[in-house]
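Chain nomenclature is as follows: A, B and C, assigned in order of appearance, with residue numbering initiated at 1 for each chain independently.
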Amino acid sequence: MSIAARLAELDIVLPPPMRTGGLPFQLVRTHGNRALVAGHVPLDGEGRMAKPLGKVGADVSAEQGYAAARLCALAMLASLQAELGSLDRVERWLRVFGMVNAAPEFNALPGVINGCSELLIDVFGESVGGHARSAIGVAELPFGAPVEIEAEVAIRD
Amino acid sequence: MSIAARLAELDIVLPPPMRTGGLPFQLVRTHGNRALVAGHVPLDGEGRMAKPLGKVGADVSAEQGYAAARLCALAMLASLQAELGSLDRVERWLRVFGMVNAAPEFNALPGVINGCSELLIDVFGESVGGHARSAIGVAELPFGAPVEIEAEVAIRD
Amino acid sequence: MSIAARLAELDIVLPPPMRTGGLPFQLVRTHGNRALVAGHVPLDGEGRMAKPLGKVGADVSAEQGYAAARLCALAMLASLQAELGSLDRVERWLRVFGMVNAAPEFNALPGVINGCSELLIDVFGESVGGHARSAIGVAELPFGAPVEIEAEVAIRD
């Protein structure tokens, strides 16, 4: 099954690619069989930062943080699709680096980033979608995003 | 000398691989001649998070932080051994990304992450064990870990 | 035009490579056609940490943070030149990971890291100098650095 078909099966609609507003970097930088995926924030259906904003553990609940991490994964998929033409060119996920905008003393960070990891495994299966991962709490994220996730993917021609 | 013999010479016993409790990621993700090592926390002899927990510079002293970073390195070695079968398959260390759960105003971060870097060089020698490195202070780490370290290693067949 | 000529055209003088004071890591770790660039802080003309130090959004203004990120980029170029012999061996920038020592509630992080991204594109052009990027706010950086930036570059022989 193609990834597009699998997304449809899961009733998942990807957002438009993140609006970087002329920022001087690329959402996906490919080189050989590697795709380096820039840090992605959660997006709404129009490619803007999804709400709620703020710190997970204070303004944003752990459950909302999980949902935000899932939206980060969808944003990465949207960028990869735009860059690669088709998500079927993803050979294997390699690395997920999950950053939570953490309120003081909120340290249940893995449970938040699971929102990304579980989506990737749901869509690509364990063998392709598996990945090494770090989950950390950072002091601030761009414009109050609750979660930002960077990744690396092996791609085929 | 094999790495196993070198570890014995240094009286180092590796912990069992980190217990991820069903978390949806891999401790080591290999692809071609690369091994991407997930963020590792300090482990005790049973593969559980080693104490003390908390913020380096407050709950945890700089010296205890150094010891924790060394335990992170041993945890990475345990995961690599489990994944690769033998640490002799490590061709070269490439990157170490060291994250300290830093108390406010504690910025002697390189001295903490040295606990990892010096262990790697002790075990593998300067040529194989050397690496590019960042040492940063983060707001929170999973479940109060004082240090978390992610890495990349070049491997041979 | 060579990168050295382009730097001269832009009136840019690189600092001496960062003084790591015997720290157990390399500023640039090469492997095959990859160069992994350690986290670099802003340097002055003598290879020491450039002032001002402290938190962007409090001790350091956003404009000074931008300038600091630009100095991080120059420090990376100095390290790459020392390691590679010539910056013409840089085939493509791949990844920039920008860490801001952020004061509470300072979240205009992309604007700070633009100081690095725009310099790279000025010097190398969009095709070579482009990169995937993350911009995050961390709790502390080594010895009060306002910005630290890590990177990966594809190199040619």
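Note that in this section contacts are C-beta pairs under 8 Å (C-beta built on N, C-alpha and C of every residue); 3 or more make two chains touch, one makes a residue touch a chain.
All values reported here derive from a predicted model rather than from experimental measurement.
Asks: Thinking of each chain as a vertex joined to the chains it touches, would you call that graph a line, ring, star, complete, or other?
Replies: Basically all the chains touch each other, so complete.
Asks: Fit chain A to chain C on CA atoms, both being copies of the same sequence, and give the resulting rotation angle in degrees, nearest 5.
Replies: The C-alpha superposition of chain A onto chain C needs 120 degrees.
Asks: Which is it for copies chain A and chain B: same residues on both faces, with over half shared, or different residues?
Replies: Mostly different residues: under half of the interface numbers shared.
Asks: Could you work out how far the Cα centre of chain A sits from that of chain B, in whole Å?
Replies: 25
Asks: Chain B: which residues touch two or more other chains?
Replies: Residue numbers touching two or more other chains: 97, 138-139.
Asks: In the complex, go through chain B and note every residue touching chain A.
Replies: 23-29, 31, 34, 36-39, 97, 99, 138-144, 148, 150
Asks: Touching chain C in the complex: which residues of chain B?
Replies: The contact residues of chain B facing chain C are 92-97, 100, 102, 104-110, 114, 117-118, 121, 130-139, 152, 154.
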